[in-house]
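Below are two complexes that have chain A in common, paired first with chain B and then with chain C.
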Partner chain A sequence: MSFLRSADVGYRRFLMTDRILDIQNLKTYFHTQEGVIRAVDGVYLSVRRRKALGIVGESGCGKSITSLSVLQVIPSPGRIVDGRVLFYPEAESDRPVDLAQLKRHGRELRRIRGKDISLVFQEPMVALSPVYTVGNQIIEALRLHEPHSKRRARELAVEMLDKVGIPNPDVMVDRYTFELSGGMRQRALIAMALVCGPKLLIADEPTTAIDVTIQAQILDLIRSLQTDMDMSVMLITHDLGVIAEMVDDIVVMYLGKVVESGSLHDIFDRASHPYTVALQRSIPRFQRRGQPLEVIRGNVPDPYTRPQGCEFAERCPKAMNRCFQDKPAMAEVGDRHSAKCFLFTDEVESAPGREANVR
Partner chain B sequence: MASYIVRRVLMMIPLLVLVSGVIFIVIQLPPGDYVSRHVARLEMEGVVTHEAEIEALKRRYGLDRPVHEQYLLWVRAMLRGDFGYSFAVRRPVLSVVAERLPYSIIISVATLLFSWVVAFLVGTYTATRQYSPGDYIASFLGFLGLATPNFMLALILMWIMYSVFGFTVGGLFSPEYQDAPWTMGRVLDLLKHLIIPVIVVGTAGTAGSIRILRANLLDELNKPYVITAEAKGVPPFRRLCKYPLRVALIPFTSTVGWELPNIVSGETITAVVLSLPTVGPMLLRALVDQDMFLAGSLILFLSLLTLVGTLVSDLLLAWLDPRIRYDR
Partner chain C sequence: MSDNVRQPMLELINLRKYFPVKKGFFRRHVADVKAVDGVSFSLYEGETFGLVGESGCGKTTLIKNIVGALRPTSGQILFTDAGGQTHDIARADRERIEAIRRDIQMIFQDPFSSLNPRMTVQDIIGEPLLVNEGKGRRASRARVAELMELVGLNPELLRRYPHAFSGGQRQRIGIARALALDPKLLLADEPTSALDVSVQAQILNLFMRLQRELNLSYIFISHDLTVVQHISDRAAVMYVGHIVETAETERLYVSPKHPYTEALLSAVPYPHPDVKKKKVVLKGGAADPQLLPAGCPFHPRCPYVEALCSTRFPSLEEVTESQQHWSACHYADSLSLRGLDTLEESAGS
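The block that comes next holds the complex of A and B.
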């Protein structure tokens, strides 16, 4: 019996490789006076250990809020209302920590923030405090989690600044953010996120605010640090070009839901969901030569109401009658490749209870 | 930082020159010179004056010289501690002012501290608990405080203190301490008498400061850098103090400069109602009497208070906000 069980675990691991983060049916809502904004509305995704997952989607589809929900650092009045954020610090065979169940201001979650899971925020120009030096903020991050002396912490901070490619790190450590360029701030932010050697790095559009040459440097930097430090990465961007160079897996989000997920090649070469296809056609880099650039028609519906049927139906070139009535279930379209569309399934999305989440 | 302080202090010199110039003009404004006015007044009272005496007075104040020399003489005299003569009180200005200015400064500073502490605590509380019952209650009281005229508040508090505690408010000392030497008992008596003036004078300013701090803090609380701090594991209270609160205090601090003269002028009516020995009522009387040396000196001291206030607030600001001290 025990033999069977261990064989079973081994088999499962072989099947789905080791995951470090597994988000199930995550719902993060903003309860405002005007109504409820369902910023994240039942997201499923997982990050494989030492791999990079990319999250893509139009502006406002809930990428940032998904990433902020992992560490429960959601701007008010946002709140996680349902779902699980399972974190496997060492191996998937361990018991996971459900981050969504921890208290937002509690000690347990604080121990994970910045230590096991780090966040590089979307806007480098404002993500560091203007009234403390770069060093002060990095040293704070370090000493919150590791008992270094001030001097040692400073040395480590300088080392980290050097590692992310900031010139004269021993001078820059005493600089304020307003004395740094956008690229340097982004590097400083990354240095701060990496200083405790996190197992998972969540980078939210780490390159939008900076110019193209530096973009490439920063991406290279994240990639090389990923291998050096044995890190898993969750990378958020609406730039499919960035994704192509950085990630192993992709999830495509639309209106707070994942509409397609798969490996880089699945999504790029065998995009299944009409939204993914449209998204690719709207980006110059992925255009075959001579083909005109397309704009995804229609607009994102207003945030307070959700259509009865498929969220994308209104804008979908392949919409069928039933798309306006029912919501499709996530359907397998290949090995580890699935899409949420009636083109591939007849099943209707079930409101998942707790049972359905347990695998 | 050191170079900033030096630059900032040096900047006060031209300001002082400017202010003293304006005040000199104010002193000169009434028609005729003040010696003639003084003589006229004496004569109206039936006092016999001698030509030689008048000439001596005029020479003493340099009234026979050109205006710019008069100004320099006036400044030089002040630097030596001679602020002129109050013709209304018939004493040197300095001794008149010295009796009252310290109390004005004590009340102003105490009011400022009271206003800050209360505004800081209430502002922080209401911003972090936005839309809670406490927030609504504080806001209601705040608006009430803004809207109630000072003298009315003074009268109400006086009545309450008298009818509930049997404590007569008025003046800064109880009769037994009025002319007593400085002892612990006298200090305590002073503090006891300070409570009401401080509340009365400070309420409106405090209510305003609460609104300012609350609004600033609400702006800061959801800023990305605060979320960054939370995401790296900074505990809630420390995060609040170190990140959003510090930035929210910046505009709050810059109000000190003009808060001080506001307090002094706001204090005048209260001082009349509560019969406080401060400079407010005295300035009013000096202006009515055209006692220009006294009025000028009082305005000068108040301006100096303002300049020092702005200096303090600027130094605090520079300490709070590196963007200011590195701005060259």
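The block that comes next holds the complex of A and C.
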């Protein structure tokens, strides 16, 4: 495999421990009238079994599209143009399913969606239907995948609502979603996602629209369910605080690429990529009250033009001449910790493979 | 601090805003939503007062009353203008409110919906000048350019439309518009909530610089405790229409005297993995302002609840051991609550 360059070998070896999901060189592009938006542009990442991976980045970095690409629920006109999304349902020794190769509306993918891999979205009011009761929606999800009788499915739905901490589940099961508070809706959505006992839960900003005290409850819930149900979790958020509490591994994304990946402590204690460092410094902290915050100069460039060199060079405080010409390769900076920056490697990112036929 | 000597520029006295709930064919008045229920505080010149609380706690209703967009049910809003004259906004007539509004401006949360997409930046920032001083495009151009520079925008872009700007730049446009009439007080309602952290840092820095340069006062609303902590001199925590605790920011965060403040502080995810906090996870959601429980509105969720809490309403009282620190808890003096300081130490870095 051509993408297995020497610099990545150490990191890859670590990942060879049991992975449940392995994304390789994923590219999801949006072909629009104005041009091509490379929302996800060659992403590599892995989720370890029973562990939680956090994807961090600012708006427009492609973190959500990466997660939506896993189950091919990308909004139109987005489409996976390259790469592999290898899913290992049982163990990594098994033959993986390449989710990117499956037909978007095909039976195989539909069987996995909601059963083996579930999604929880940011806006529960958008993700839930207002014309069906909470129970109906959970029962639908359940009976789609498992042949339960209606009565049994209802029992399981009530059980699930109880598990996610909704009070009076046997009453709430017949409520419509607009009758619930924000926190309760998010719980209902989580119940729906978990009712089939998925092996991997993808949560896209699950607590962003929610108040902090309720957020604390929801995060607690996801964590305890993760252990109870032996799940792996892929958590997408812009909130480094949430990440610090929830995950084992982190990838940091910028402009459709992973710029740094490592364990939780690697990223927080030994952040290497200038973007990760800058991102952390821009958060207000208690010790530095009232002092100017460090800022990342400039803005995220518009989505149609991609810089020739490193994506972050324009805004990088450490940019060198070559950063504006070449794109750096992912380099190992520690055990299971890598960063995509010329500070750590001289290697250039491997030539774009099939990119020519995209334009 | 010479706060107690100075005359407050804004003083709220027992402010209430009830929204009637009407039901049935005759639209009978059946109940009240007590969005703001007896709030008092003072704001001094050049000061930033932070207001924290969860959605529905009445923060936004409160500042809408201050700017005169909503008329309070009862209470006083005393505002002292540049000439030293004090007006009660709660009882002022329309003309007076319009005059006062030049001194009090708002900044909104959503930089996308708060700017008219059909107006150029010049027209947006110049609109207050047109409305209040009758200055047309030509007359206001120099001032608009000056304002753009003040907030860190390139004045050459003044013919562009809002869609050409990023979220952070749009928020700067909103700030420039608010500054057009040289206000004394800015009411900022979640001004950075829609922004990415790196952009949020830019905007917070801008707020701090403008305050120094223009001697502005801020009331800064946010649900994000780290933001309020960073920018405020004093802060208040609101819970369903009441201020439950207020103090100097540092004191409030280090030694909270209300269980709700403690819970809020512990619920904020701290951006470092070594800070393993003992979390106070509250039961249930915020109380419904239409069906407030008897006694302390927080008592159904409070981990330290006692019998007294469900019968007697606690008023905001000064804490004995801590000066300039008020808490609406019957047990403020006896509870020992955890603040942020103890958490930082446990981080060990």
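The definition used in the following text is that the second predicted complex is superposed on the first by the 327 of 359 C-alpha atoms of A that agree within 3 Å, B and C clash if a C-alpha of one lies under 4 Å from a C-alpha of the other, contacts with A are read in each partner's own complex, and residues count from 1 in each chain.
By definition in this document, contacts are C-beta pairs under 8 Å (C-beta built on N, C-alpha and C of every residue); 3 or more make two chains touch, one makes a residue touch a chain.
Model, not experiment: these values are computed from the prediction.
Asks: Looking only at chain A, is it chain B or chain C that touches more of its residues?
Replies: C
Asks: Name the contact category of A:Tyr176: first (chain B only), second (chain C only), both, or neither.
Replies: In the superposition, A:Tyr176 touches chain B alone.
Asks: Which partner does A:Glu332 contact after superposing on A: first (chain B), second (chain C), both, neither?
Replies: A:Glu332 sits against neither chain B nor chain C.
Asks: Quick check on the superposed pair: does A:Leu68 touch chain B, chain C, both, or neither? Answer first, second, both or neither.
Replies: first
Asks: Would you check which partner chain A:Ala216 touches, where first means chain B only, second means chain C only, and both and neither mean what they say?
Replies: Second partner only.
Asks: Given the touch rule stated above, what does A:Glu90 touch, chain B (first), chain C (second), both, or neither?
Replies: neither
Asks: Output check: A:Ala278 vs chain B and chain C. Expected answer is one of first, second, both, neither. What do you get?
Replies: second
Asks: Which parts of chain A are touched by chain B and by chain C alike?
Replies: none
Asks: Under the definition above, what is the set of chain C residues touching chain A in their complex?
Replies: 54-55, 166-169, 196-202, 204-205, 208-209, 223, 225-227, 229-231, 249-250, 253, 263-264, 266-275, 279, 281-282, 284-286, 340, 344
Asks: For the complex, which residues does chain A have touching chain C?
Replies: Counting only chain A, the residues touching chain C are 58-59, 167, 181-184, 211-217, 219-220, 238-245, 264-265, 268, 278-280, 282-290, 292-296, 299-300.
Asks: Quick one: in the complex, what on chain B touches chain A?
Replies: The touching residues are 221-225, 227-236, 242-243, 246-247, 320-323, 326.
Asks: Along chain A, where are the residues that touch chain B in the complex?
Replies: Per the stated touch rule, the residues are 68, 71, 73, 75-76, 105, 110-115, 118-119, 121-123, 126-133, 140-141, 144-145, 176, 178-179, 189, 192-193.
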